[in-house]
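In what comes next, subunit A is part of two complexes: it sits with subunit B in the first one and with subunit C in the second one.
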Partner chain A sequence: MSTSLASRVTGAELPLPYRVIARHADTDDTVTLELAYETAPLPAFAPGQFAMLTAYGIGEVPISLSGLPAPHETARRLTHTLRAVGAVTRALHAAGPGTVIGVRGPFGTTWDVPSAAGHDVVVVAGGIGLAPVRPIVQAVLAERDRYGEVVLLVGARTPADLLYRDDLDRWAAAGVQVGVTVDRPAEGWNGHVGVVPALVASARFRPGRSVGFVCGPEVMMRFTARALTDRGVPASRVRVSLERNMRCGAGWCGHCQLGPLLLCRDGPVVDYARAEPLLDVREL
Partner chain B sequence: MTAPLLTRVARLPFASGFEPAQLRRLCATGRSAAYRPGERIFTEGGAADRFWLIENGRVALDLRVPGRGDQVIETLATGAVLGWSWLHPPYRWQFGCETRGPVDTVMFDAAAVRELCDADPAFGYAMLRRFVPVITGRLHATRLRLLDLYAAPAAKARP
Partner chain C sequence: MTATTDVSANQPVLIDVSALALLFETLREQGYTVVGPTVRDGAVVTAVLDSADQLPYGVGVETEAGRYRLRDRADRAAFAHSAGPQSWKNVLLPARTRRWSADRSPDGTMVVSGPDEPRRYALLGVRACDLAAIGVLDRVLAGGRHTDPVYAGRRDGNLIIAVECTEPGATCFCASMGTGPQCGAGFDLAMTELVDDDGHRFLVRAGTPAGAGILAALPGRPAGPASVGQARDAVAAAAARMGRTMPAVNLPGLLAANRQSPHWDDVASRCLTCGNCTMVCPTCFCTSTEDVTDLTGDHAERWQRWASCFDLDFSYLHGGSVRTSGQARYRQWISHKLGTWHDQFGMSGCVGCGRCIAWCPAGIDLTQEVDALAAAAAVTS
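Moving on to the complex of A and B:
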């Protein structure tokens, strides 16, 4: 389905310095960082791939690409959205414009968006899982004529946790079927309340002519993949992003092994036909 | 909304698997019901004497919590079945329900459907086979939400 460049590319072993040129606070605990290279750029990232980001002196974490450069922008900028959950992501979350961080990559398999040409595109995201699928929507809208219906279903904990609200409005205005649901509504919330797999049943797409892209907590992906296959989307055309703990990013250390897969190299994007039997495998 | 009721019901996911004759009998107990935005369809504790198939729009199930008003538990949208408290005594709504925007439904008379089920076990079984997945689907969704999957992971030492 997609290529793994990890161990062959420059920047796979040593982090290259990138400077934070913009920081946008998406929610209380999540920011989107725009990064520009200092000395030399890394090879281009494709949707689905991830970088290892280093907060100098603290540590390194895998973070997915969360945006494609606009056509007029330099293709060598990187966009990453990260949620502060521990020491490293908290340090990166605090990195303001001007801060230099280390970047290795690109790593892992891609969503392989072009292979969905001629099909309906059904993207389902939960929580921070919206970040890695955002480039899918951007790529599809950049070549809108090549795809059929475009559906984006998003689940969040509360309305305040929703990422990219401006994008969601813009995409809906551009004809994307956007469905947003929250687990816990707040005063004034007029949208859906419930889990995101439940939105699959009423979305308009042709199951036999669709490709599903799913990203979020693993349990959410399992239920969503089932909802898609229940509607008739073949499991081989449902792609999930498996995000187990990673260390080297390049298939050397074995930290992210899941069954026969080293997810940093053979994933994170895996088709559900392949992923389903592995999702019961306990983490090593 | 010009198509005959039977044709409209047959398009909804609920109808799949019903034999045409059974669906015809069910539809004989139904009629169209349209609701305005913000209209209350039923109230917690009220008599559960009907159920609905949502053809278009969205409704919110809610529960009155002292001091916090009506708390929305879940929303249901196009294609969903609304209401199952009519299936078992005491035939009282466990939640309230209000529309979110205009809603078109097909509404069924619960007492008439129960009579059909009692008189014809094959029909009753077909109804149960439609309702059980609806109920288990909602139970699964509720369990998923209990997991609070999007909550911040508890901090722990890196392995």
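Moving on to the complex of A and C:
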């Protein structure tokens, strides 16, 4: 590659090698990978942003940031949690410590957590959607006194599909209102059964002074956003993280359109006032 | 060599058709690979050209919805053909490109190298509509937060020799899109072809110092007011002879208001979802990537290829595609071209070249679909 072209190539284009330094199996099909850069770090990722992760020779997929580096970690680590659903995520799921994968990014809009300072923070997640909102809770707890009530409502298919159980316990102990519900209970489950939007009604927060952060399957986000707006949270203060097919992350491939939005650039985090009329149109 | 002309800025020059041979030579000497129109497989295509002899002299085209035919002209004009099945996208954003390759080093890390350094292209015969289309690709692929280095690499150092349109086709509507037929800016040289009893010649103006440098190497003479007027009239006449017109309505507003229109059922009953319109469109930029590896797994490559919003897997998400119906896929295409492109990039995604109309096997014409939507809106409002 000649210098003129090399000078144009950035972390947005060529996957930089990152090594898996820790792999934690969260559930049967979901792992959290800690990644450390090999040659050079990418710019810092903010909660809500995503990376394009490459399993060399297999393919590339968008995966959100799922954890903030601990304050003492100076080196830029990346944390991603992914569910094995197809060829690429299966290959990444199988990547043990020492494996080198490719990373591009950071891409997309952020949850803009600091803008919720002075407000109650209501985080609602369904399934793997807990991964992209985990850095919100971490960021809020790192500066706890800047925020009001902190609510985290989590839905999972079964108790065995629940992610980050240690975190949930720790956060509950730190004063976060943690509510967990499952679609199908198992032996020994004595928590809620049902869909997660149903937990919104009984959570304690001041609707007029709250910011909602919602991530999960699209119908779950629509019902949750409605539950939040029904309680009086303005739609413009409810943020959802939307998913569409993404091939590049950088605004070049055209796949992630949702009407006027290019979700890799104008999303994935979009406020619900903007998202609702678009999600209302079938097959948009 | 015959007397060369001292070209002062914006002084139009007349060159004879025979000077095209020298133009090719000059471009080659300066390191350019010339891409221009030539006849291949019954169509005027854009291809790498070795000499001016390969230009489509005396070839005209006839277009209609779903129809494209070459026809013989009475004269030897080289650029008297409207848009063919290809565009400059085929050069600047080829249908298949290698984005990078990676080799595993002994310690397991991957050493990645970028794409090959592209050639420097001289694009010869760029119409005003296609000049606008290159501007659209520049905005989309190189004008946002991230610049696509592969596109930028192929685009950098281009020399653009525009040829103004004097023979619009029946499917053309650049005049109503405000992109042509006269070339405003964005070219190094702009030529207007004149063929009559006074001979076969080109009125040429330089748009940049690079263009002026090329022009200075060609045998030419200052153009008098008569030739300048003749060229202007020929282009103005072309504007008046466009075969089609895009209705003068607020296109983004019309399309956004019609997301749920029953008209999409009507289009879907005709559309084959073949994606031809997206392939021939000079601004349709969507691509997909494929990763490949050798048998050892130590060498991997990423390839990019054109994708179409008419493909079912274009909108695939785990569990199924978002846009499965033909209704939704046609709506996405036309709404993006004429509507949401403005939201995303501050400009229209359609330049009025008419290719999608001519190359649609079902003869679907976006200007008529807009007409139908606008008429229905007028009835219901």
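Definition applied: the second predicted complex is superposed on the first by the 268 of 284 C-alpha atoms of A that agree within 3 Å, B and C clash if a C-alpha of one lies under 4 Å from a C-alpha of the other, contacts with A are read in each partner's own complex, and residues count from 1 in each chain.
Everything that follows uses one rule, which is that a residue touches a chain if its C-beta (ideal position, glycine included) is under 8 Å from a C-beta of that chain, and two chains touch if they have at least 3 such contacts.
As the structure is a prediction and not an experimental result, all values here were calculated from the model.
In the superposed model, A:Ala198 makes contact with subunit B only, not with subunit C.
In the superposition on chain A, contact of A:Gly86 is made with both subunit B and subunit C.
Contacts of A:Asp28 after superposition: neither subunit B nor subunit C is touched.
With both structures placed on the common chain, the touch criterion links A:Asp183 to subunit B but leaves subunit C unconnected. Of the two partner chains, subunit C is the only one touched by A:Ile58; subunit B is not.
Shared-chain residue A:Asp166: touches no atom of subunit B or subunit C.
With both structures placed on the common chain, the touch criterion links A:Glu38 to subunit C but leaves subunit B unconnected. For subunit A, the partner with contacts to more residues, out of subunit B and subunit C, is C. Shared-chain residue A:Asn245: touches subunit B and subunit C both. In the superposition on chain A, contact is made by A:Cys253 with subunit C only, not with subunit B. Common to the subunit B-facing and subunit C-facing surfaces of subunit A are residues 59, 85-86, 245.
Considering their complex, residues 99-100, 102, 104, 108-110, 112-117, 140-141, 144-153, 156, 256, 259-260, 285-293, 297, 300, 302, 307, 309, 314-318, 322-325, 327-328, 332, 335-336, 339-340, 343-344 of subunit C touch subunit A. Considering their complex, residues 1-2, 4-6, 8-10, 12-17, 19, 38-39, 54-60, 85-86, 98-100, 102, 243-245, 247-248, 250-255, 257, 259-262, 265-266, 281-284 of subunit A touch subunit C.
Residues 13, 58, 60, 72-75, 77-80, 100, 137, 140-141, 144-145, 147-153, 155, 158-159 of subunit B are the ones touching subunit A in the complex.
Residues 29, 59, 83, 85-87, 126-128, 155-157, 161, 181, 183, 185, 189-195, 197-199, 201-202, 216-217, 219-220, 223, 245 of subunit A touch subunit B in their complex.
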